[in-house]
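Labels run A, B and C following the written order; every chain starts at residue 1.
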Amino acid sequence: MTHGQAAKRLAGILARGALVGAALFSAAAPGFSAQDRGQDTICMSLEPPVLDPTLGAAQAIREVTYGNVFEGLVAIDRAGKIVPKLATSWTVSPDGLVYTFTLRPGAAFHDGAPFTAADVKFTLERALAADSKNAQKWIFQPIAAIETPDAATVKITLKQVAANFLYGLAWGDAVIFSQRSAATNATNPVGTGPYKFDRWTRGDRLSLVASQAWWGGKVAIPRATFRFVNDAQAQVAGIRSGDCDALSNLAAPEAVPDLQADKDLSVVIGKTEGETIVAMNNGKKPFDDVRVRRAISHAIDRNQVNLGAINGAGTPIGSHFSPTQPAYIDLTGRYLYDPAKARALLAEAGYPNGFEAVMKVPPPAYARRSSEIVAAMLAQVGVRVTLEPIEFPQWLDRVFKNRDYDLTIIAHTEPLDIGIYARPDYYFGYKSPAFVDLMAKVDAASDEATRNRLYGDAQRLLADDAVNVFLFVLPKITVTRVGLDGMWPDWPLPANPLAELSWK
Amino acid sequence: MTFIARRLIAALVTLLAAAVIIFVMLELLPGDPAAVVLGVNATPETLAALRSDFGLDRPILERFFRWLVGFATGDLGTSYTYRIPVAALIAERFAVTLPLAFLSILLAAAIGLPLGLFAAARANSASDTAVMVFAEIGLAVPSFWFAILLVLLFSVTLGWLPSGGFPGWDRGIVPGLKALILPAISLALPQAAVLARIMRGAALEAMAEPWMRTARAKGLSLPETMRRHVFRNALIPVLTILGLQVSFLIAGAIVIENVFSLPGLGRLVFQAIGQHDIIVVKDLVMVFSAMVILVNFLVDVLYGLVDPRLARGRA
Amino acid sequence: MRRGTRWSFRLGVLCAGIVVFGAVVSLVWTPYDPTTIAIVDRLQGPSARHWLGTDQFGRDVLSMLMRGGVNSLGVGLAAVLAGLLVGLALGILAAATAGSILDGLVMRSADLVFAFPVVLSAVMITAIAGAGAGNAVIAIAVFNVPVFARLSRAAALQVWSREFVMAARAMGLGSMRITLRHVLPNIAGLLIVQSTIQFALAILAEAGLSYLGLGVRPPDPSWGRMLNEAQTFLSRQPLNAIFPGLAIALAVLGFNLIGDGLRDRLDPRFQGAANRQARSVIR
């Protein structure tokens, strides 16, 4: 039979082909050695679904593009401050309604088109349009009119005073596009930033190269790669072997002690804007009773949750505010862990034997792990919690949209989002005219000191009302190879600006 | 050939019924793809605009027929999450799942067939028992647990192979194979156990045939008889099972890809469910089902062609 | 019966016995409450206090394994029983009306169910109805129905073709009577064998589903979820990834061996059918 011989010959051909192929491909692939000063590889957990931050809310889009490919009129720096970017300066009229931006001369898009006031007008109008798909349309909604008196000036008039307008313009959702490339930015992003898009191998990595035309001059590292490593073990292996020069946010907090012991690596545990809360349905019995909510707050030891869920890497919070914000006040002492007091409060509210409740738990590991610890703690005071794991789309539908829940655990990752407690139909079911009033005053506040004082009052009010149980803000665990400087230690918003990196 | 035509019609009807079930099930799944893309701050108008972009504001029947016609003509639609054609997305992921399935079949055959043949040649001996014990264990060990044990040994302890992830084929064949070898071994173990059992059974049957005694009488040694006659005769039932296993292998790959974070079809379907990328889920489940139906159809036809009378005549 | 078979049957009873014993005992007693959390004691190795160590929340692994057995065996048993009842009803109905439209419909539906990868359908069922023991049972039972339907149809057809049944028929006995008096008693043994093998497969399937987070709800322990969680802590406490897997393998091995042993005692006329079925549903 010639069958066997044919198979053997085929196998031989295939084997030779494979060898030649391997040689070819490994020669063609760029070297990924760690200590090459001309480049760096940042490893992150999730891959962006698209590269256009105006097409979706996914954090990974911002982590790759913000400050690298795309820039806004203004930006948030690593300390959380608003700084000039494509606008060199701006003035606000005394009534707080007219913002006049002076644009940066010499800025240009990667396709060569100069950056002008027309691009700003185009971008803002696109975000405002009826068919806009911008995930943060609230940023733009206060806009009444956009004027471009000359190519280097943009004058924006608002309908009413909006204290966070400028802050919103610094978000990834407000980066400036060119009309020429706006439609194709999803897969071929063209911006004004220090790096231009090079290549995207889906499922693995994305590379950027320094733009020669950047207004900010020459960057220290001409070539950068983002690798998408979902597996926590693989992240640890990657940073150890040198496949990764930095991990923007380690997915396995439990590996921190091991990595800290490695003298080639530096580990920084920073903060994010991700306030992690046990949300309670304030519109539903028994959680409509503030005594019940306070009892639950007393029954949960947030330090133990922090330790058990994320190895203690989170920063405890006592209200819905991130410690990265200047207006933050520490309210973690408001409800100390005290099961006896919790039981007393429950009895006072008419539940001496506790009650049953269902907690709907979305997929992230921090939520799943926290939920088991919280359920065990609540059981100690007689609140018998059934855990119901659900996928994120169903969480959005059932919990967020239809408010069909008792308890849930979620991290609110949007920066400075305390205003959600003033929304009438928000899923917390929290109705407080006093809080709505406070938020209106924040919006109308003209100076920062007043605004921060009001934010403090708002934090106190939420803690007093025990709207939710405030656990901690999610950590940003940055791991870098010694020698690479400039990674952001905290995430006032999710970003990895590569132009700030350099090899020592 | 009316037999083949009848089987073909039956297969197509099954496929159509599968399409209806898949569509209805996913319609029942609560959730809004637009809300998943736009997050918690989106305004109602924005959500409506995106839903309209996705074509979700059309009547349900129109959507069903558009999908069905699209599937039949090779247009699988555009992913809600990735905004690229689903066909391209699936093709990309096939480049991981197909080599993985192929590699594990190869491994399973390379381990299972010789073991089965060996056990048959020494039926009821200690080596036979050893092979059968291996087969029983192979069937009892969950592949994902075996996978974790392999990671523990080769990644965590020895550091030889990656514990997960896939570097992409354009980084070279070797790194790609290194990422696939542990998943392929975990997938191959239960398959090898099945193949060893079946090979042993088929070989024992073949050895009981009268021509076997003739071959031995002509002076052929046992190993030679095994190779030249028994193996070839036992191959037909084994190949049938191997064909059937392909579909189970693809199902097994779904779990294993998630254990190793491999960007294959199985992981894609989980990610798509997690992002409510319903169009991708529909297409993928349909592709999986179509593969199983196709394999079943081919096996049916094969059985029809190898008529029992023909088979007897040849022996 | 071969000597080897009797030996392996006993081994099977031993393996399955250990797991069943642990599960039954856990209903009245476990060393610790399997849901009590003590973060300070987390990820300990085996000791006098915790024989098999503790998990990432300081829960006692042995207690979790015992209680997890109740869940695994319970879900598996419920799924197989449901699949057996529905499948048997459909199968003997199809056999009694062999060649009819009903028969064809039952068999084509069985093909249809086999066309869906088990894991995918389970994922969709639990995504729609929510994760939980009940839905895991449904997801696994759906795939047992066609197995039992095909098997009982094939076996019942065989019984129908035997002489004494033909005689009974000629005497004017109705289909219902023949089914109850002759068909069922004759195929019962085969069904018991197949149920044992399906039970082993169902335990495997339950483990897979709960590994993917689709099985019983936390904090109720399950072997599959214990493995999933242990995977994250592999470098800190590898033993936690060993014990739950051993429990699964022990249970599956035990019931597989029992099934094999029972099959060898079966009416030889049915052994072919039993073998074929067992092969075609493996994973």
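Throughout what follows, a residue touches a chain if its C-beta (ideal position, glycine included) is under 8 Å from a C-beta of that chain, and two chains touch if they have at least 3 such contacts.
Keep in mind the model is a prediction, meaning the values are calculated, not measured.
What shortest step count links subunit B and subunit C in the network of chain contacts?
1
Could you work out which chain's C-alpha centre is the most distant one from the centre of subunit C?
Max centre-to-centre separation from subunit C belongs to A.
Does A-B or A-C have more contacting C-beta pairs?
Comparing A-B with A-C, the pair joined by more C-beta contacts is A-B.
Going by CA means, which chain is nearest the middle of everything shown?
B
So how far apart, in whole Å, are subunit B and subunit C when each is placed at the average of its C-alpha atoms?
22
Between subunit A and subunit B, what is the separation of their C-alpha centroids in Å?
37
Compute the distance, rounded to whole Å, between the mean C-alpha positions of subunit A and subunit C.
That pair's centroid distance is 44 Å.
For subunit C, write out the residues touching at least two other chains, lowest number first.
127, 234-235
So which bits of subunit A are touching at least two other chains?
If we look for residues of subunit A contacting two or more partner chains, we find 233, 363, 391, 394.
Residues of subunit B that touch two or more other chains: which are they?
29-30, 151, 156, 273
What does subunit A use to touch subunit B in their complex?
So the residues of subunit A in touch with subunit B come to 18, 21-22, 25-26, 28-29, 49-50, 55-58, 130-138, 141, 186-187, 201-205, 229-231, 233-234, 237, 363, 391-394, 396-398, 400-401, 412, 414, 417.
What does subunit C use to touch subunit A in their complex?
Contacts found on subunit C: 35-37, 39, 42, 56-57, 127, 130-132, 213, 217-219, 232-236.
Under the definition above, what is the set of subunit A residues touching subunit C in their complex?
232-233, 236, 252, 254-255, 258, 304, 307-308, 363, 365, 368-369, 371-373, 375-377, 379, 386-391, 394
Can you list the residues on subunit B that touch subunit C in the complex?
Listed in rising order, the residues of subunit B that touch subunit C are 10, 13-15, 17-18, 21, 25-26, 28-30, 124, 129, 136-137, 139-145, 148-149, 151-152, 156, 190, 194, 198, 201, 241, 244, 247-248, 250-252, 254-255, 258-259, 269-270, 273, 281, 285, 288-289, 292-293, 296.
Mind pulling up the subunit B residues that touch subunit A in the complex?
29-33, 35-43, 45-46, 49-50, 53, 81-84, 92-93, 96, 151, 155-156, 159, 162-174, 260-261, 263, 273-276
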